[in-house]
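Below, chain A partners chain B and then partners chain C, in two separate complexes.
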Partner chain A sequence: MSIAERTRPDAGKAAAVTTAPFVPPAPAARRRRGVNREGLEAGKRSTRTLLWILLAAAMVLYGFPFLYLLFTSFKTPIDTIAVPPTILPKEWTLENYANALGRSGVLASFINSAQTAVISTVLSLVLAVPAAYGITRYKTPSGRVFIMAALVTRMVPPVAIGIPLATMMSSVGLADTPIALSIAHTTISLPLSIWLMSSFFEAVPRDLEEAATVDGCSRLGALWRVVIPVVSGGIAVTAIFAFLASWNEFLFALLMTAIRSQTTPVVIANFQTQFGLDWGSMTALAAVYSIPVILLTLLLQRKIVAGMTLGAVKG
Partner chain B sequence: MSTRKTIKSFAAIGGICTAVALVATGCGAGGPSSTGSAASSTVNVLVEAGGHAELSGVAEQCKKDAGVTVNFVELPYDGMFNRLSSEFSSGNVSFDVAALDSVWLPSFKDAVQPIDELFTDEAKKDIFPALVKEASVDGHFIGMPAWTNAEIILYRKDLFEDAKNKADFKAKYGYELAAPTTWKQYQDISAFFTKDGMYGTDVKGAVETEWLAHVLQAGSPMVLDADGKVVVDNAAHKEALDFYVSLGKSAPSGAAQVDWAAAQNLFNQGKTAMTRFWAHAYRQIPKDSPVAGKVGAAAMIGGSAGVAGVPGPWYLSVPKATKNTEAAKKFVKCAYDHNSMGIESNLGLAARISAFEKYQDKPGYESFKPLIETLNGKATATRPATAKWQQIVDTVLVPTLQKAVAGGDTAALLADAKKQIEDLLK
Partner chain C sequence: MRISDRRFALFLMTPAALFLAIFVAYPLFRLVADSFFKISPIAGGPRDFVGFENYLRAFASEAFMGAGWRTLAYTAVVVTLEFALGLGMALLFTALGRSSQIWRTVFMYPLMIAPIVAGLLWKFLMIDNFGLIGTVLHQLGILSNPNQIGWLSDPDIVLFSVAIPDIWLTTSFMCLVLFAGLQNIPGDLIEAARLDGATAPTLLFRIILPLLRPVIAVALVVRGIDAARAFDTILIQTNGGPQSASETMSLLIYRTMIRFGDPGLASAMGTIYLLAMLGVAFFAVATIWRPGKDN
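Now for the complex of A and B:
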């Protein structure tokens, strides 16, 4: 068998049927095929370029407000109110950071924000993980009603529950404490946490738990030793969302905190007064306040990506 | 394994943080308790963030004089009304003294205590008449003025003193270029400086106070008369609105969206030659502003009824629900006694006439004489005492003004505004 014949995919079969030699494509046809392949690759390249441009545009769209905030925090007072506004500072200064961080109560507000966000995140996870597990594994009608009902608190405008919550916390002696604010924040993050965790638990094959049970694990043991490690990425995602919901929350903090538990979003808002707006200090404090969240997100980046794709590999 | 380790690490960190947080949560990181459980010599003062500095010096003095320690609860202006409403309605307040914007007094009159004993004859003589009147609701004084403000005229002294400008202006209008004392002069000067990318003045469509000052100058009560009847469509309101809109040709475009912040920015950037603005702005011009050191101040201009401005005072009130009335009233008295200390703060305002007078001749306080003149103006009056005032402003007056500066029919707009306000007040 000639090389030409051997290179044909159906070479053996063809040889049995006919002895006609394989005729390679004419140079013109080869050129056409080459042109087609090149055209295809060029098409792919242009699609990729277009996608990159769109991605870059989306990134600029989402990232620009933050970048603008960041640049503004380095501007001189007169630069911050320039008409028309400028993007980059004409003169870079750290004066706004000194003003913002030197303001009384800023450090305390950071501690309060961290305390509140941590308590709220832990509360959300402690409540959401077993709730979501029960709903997804037992699939009872009441579970379905519960998961829908959990969303109800998200359907009510926060201000409508903020004032009653503040009154309730005050009547049980928890006024102006981080725990009161954490509980309030948990009402925001819990529904989302339950829904998120439910989708992550749904993605875990029941076979895994059954195998653990066969190996002698109890149901709780299987949850703790097998299922939770599998959904750890999902837990990280949920924790981030719960943390962010509390870290950046403003309205409940405004209504429920005073001297002992005021969080940083309220302090940031205090730079806008009836008598003027201190853009520089406001943006400087906002920039500093975003650092812990950025660091946390970077630290948990791999877990978050793993969590995001968990639902995509449903077994 | 690593996943399990991560989970354990998370659990451990979370547990430790929660434990620490729960232990610490009893006091938080901000300071002592904000819920006055029993009478003490410590008072919690709720104050808008911008006004905090006004009372800081007083607080220190009050500790020395009366042994009253003060904790400030600072809140942004936009959230303060909600917070006050929430706490007053619950009957359980986290503060012993509240600094209230004058427009809130009618809303909270039933939640705060009378402080008539602090309004001695001597005190009443030393407080601007419009403020004494406003502090009294249903026959009782319910708030002690802590600081007040009013709009005055700020103008570019350097441009007004420029020889070429002076000559050109005189040649064109036939009189000397100087700080305006009539609205005709204000119009002429605005038109004169509107050239080469600069504007003579601004027109603020997003705030109602200036238009209402013109209404007072034209001799009418603003929006509601003494009997609570809606008069927003009377001749004075229309005349004032027409004049207000007419300044648009000497002002930057987009007047409907121009608010205090925008107008202040325009002036501080050197884009406008004059502005009608709250007096405190004179001392808040940034040092690196192109107009720093080049600004003059003049009293608000009068109309047929005389000089008039709309004061912007804040009052210190003591809630009925506080368990610390004695110390709270001591603080309010301290704030009155040492009222001039507020002038040394960033905001640089006071409420007592004697406090302003003490500083009026000092360099850097050139805005005080015009401010005193405006606050003592024959037609100066505070806003109508109705709990619905803020709602009237937000839902009727500002939208009406915005439509007017955008070219709307002022008569039709005012007629419509009257109907809307009447509906709100029903």
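Now for the complex of A and C:
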């Protein structure tokens, strides 16, 4: 632990945070100030100030690596690898962006990434929504076995199935296509989607579709017209996770794509070998690739938090 | 006439089950089958049945055993540190209450970054000569020379250095899950303990952590399995080097398959790795998770 702590500049400070919130405010002070805080929330003003300072320090340290990537992407290519390095660019320029985006194959890789992620998301939802509904609504033994099997699938190391999967795809003529890669990505996102959707269906009251079937709806009709609209928020969460899983995936993309369907993560990694060490272009491309999904997170944060914590806290 | 509920449930599950059978179970079957053959890396080359020879070669090879231990050490470091940091942040956010909400959102941002990008940006911070961390530590007077610590070039510490992006990426996940768990602890309970004069450590170790146990268990299992499969961040930072000092199982299997062109041996390694992971997973699912149980 000590070595790892040394390697992480913020480890010491952040570790100090661990015990800090538990300085219990003295009862007398609480009464005097008349602050009414519940449970674990700190009440005393001086404690709160200290905690805010700690939080600010932690946020700066945690946020810095990505900011440094952004700053670097605006440096001139020579300043990028200057010794000693500076934090802010001496001269702000878009040269790295022009170099990165102007390279052949880079723009095409964005289209490939988006295409692959969209196909994989749709495929995951189309398969996971009915399956999760079948598992949670009719608690049959086969459903129980199936969700276990789906979870175990999550444990399979991609490196173990990547090569056989690539061989299969080329034997049916799908080598180096976004379809083949999105199928591979769906092997990752489908178990996760089934798990998430099961949690969402679990929360829907059974009376809802019973009422619908009494009114003459078929079971499929009840699912489509009554239950799906109720869990649409959950479907959106699941879609975000499936999309991100594909957008950020690297190993399958490395094994299964060559020229035509290469996604951006592979292109970013290739900068390192193919063109020597072009750090400037790499940082620019990495920034362009990451910013849309970071913005997406900030926009949809409530939904994402719900999805992240669902399985763990309720399960 | 209505088909039975049981059949209807089966009908709903079949497409997903077929998909997983074709694209996960069958490749796994191929992997296991390949592990019993000596295979030429050239397409259409000879394939000779060799029984368990690939397995014997795997266990006899120093690279394989080394990668196994390194994977364990890597997983332990990643999970321990991100648990400690994630819990610290979750407690901090809880103590600050509602007013810290916006910062909780901002704290999540690394979760959306591709591991390959995270590995790249930390490599850029730690790299010899123009890495910022060495320079800053030198300017603060902690190091006598910016290159005194070869974060990614010293075989003794590289396994810890390559873990940093992974920790940075997913501490947010730990924090989110633990934070959600903390919100479910009844305030009265904490209040009562405080009135009884419980000190901060007592509160943490005797009340909060035991109550969080199920949440902690799930978070550790999920992250443990992910960390044991780490590939992207290590590949881009060191490619397993120097001298294989950061070569974990995923990297070794990848290199055996692609670089050394020995699919038979790689398949045997993959099978052993898979069995180890499944063993842990089954144990974890059966004892902690129990998915699909009735409430």
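Remarks
In this text, the second predicted complex is superposed on the first by the 217 of 315 C-alpha atoms of A that agree within 3 Å, B and C clash if a C-alpha of one lies under 4 Å from a C-alpha of the other, contacts with A are read in each partner's own complex, and residues count from 1 in each chain.
Just so we're on the same page, a residue touches a chain if its C-beta (ideal position, glycine included) is under 8 Å from a C-beta of that chain, and two chains touch if they have at least 3 such contacts.
What you are looking at is a predicted structure, and each value in this text was computed from that prediction instead of being measured.
In the superposition on chain A, A:G134 contacts chain C only, with no contact to chain B. Of the two partner chains, neither chain B nor chain C is touched by A:S189. By the document's definition of touching, both partners, chain B and chain C, reach A:A269. When the shared chain is aligned, no partner comes close enough to touch A:S73: not chain B, not chain C. Contacts of A:I163 after superposition: both chain B and chain C are touched. Of the two partner chains placed around the shared chain by superposition, chain B is the only one that A:V122 touches, whereas chain C remains out of contact.
Between chain B and chain C, it is C that contacts the larger number of residues in chain A. In the superposition on chain A, A:L244 makes contact with chain C only, while chain B stays out of contact range. Once the two complexes are laid over each other on the shared chain, residue contacts for A:A58 go to chain C alone; chain B is not touched.
Once the two complexes are overlaid on the shared chain, A:S281 sits clear of chain B and of chain C alike. Residues 81-83, 159, 163, 167, 251, 269, 272 of chain A are contacted both by chain B in one complex and by chain C in the other. Within the complex formed with chain A, the residues of chain B that make contact are 3-4, 6-7, 10, 14-15, 17-18, 21-22, 24-35, 44, 46, 48-51, 71-79, 82-83, 85-87, 89-90, 92, 94-95, 101, 149, 260-261, 264-266, 268-269, 271, 278, 280-281, 284, 286-290, 347. By the touch rule above, chain A contacts chain C in their complex via residues 1, 3-9, 11, 14-15, 17-24, 27, 37-42, 47-48, 51-52, 54-55, 58-59, 62-63, 65-66, 68-69, 72, 81-85, 87, 126-128, 130-131, 133-140, 142-144, 146-161, 163-165, 167-168, 183-184, 186-187, 190-191, 194-195, 198, 219, 244, 247-248, 250-251, 265, 268-269, 272, 279, 282-283, 286, 289-290, 293-294, 296-298, 301, 304-305, 308-309, 311-313, 315. Per the touch definition, chain A reaches chain B in the complex via residues 76-78, 81-83, 105, 107-109, 111-112, 115-116, 118-119, 121-122, 125, 159, 162-163, 166-167, 170-171, 173, 175-179, 182, 225, 228-230, 232, 235-236, 239, 251, 254-255, 258-262, 266-267, 269-277, 303.
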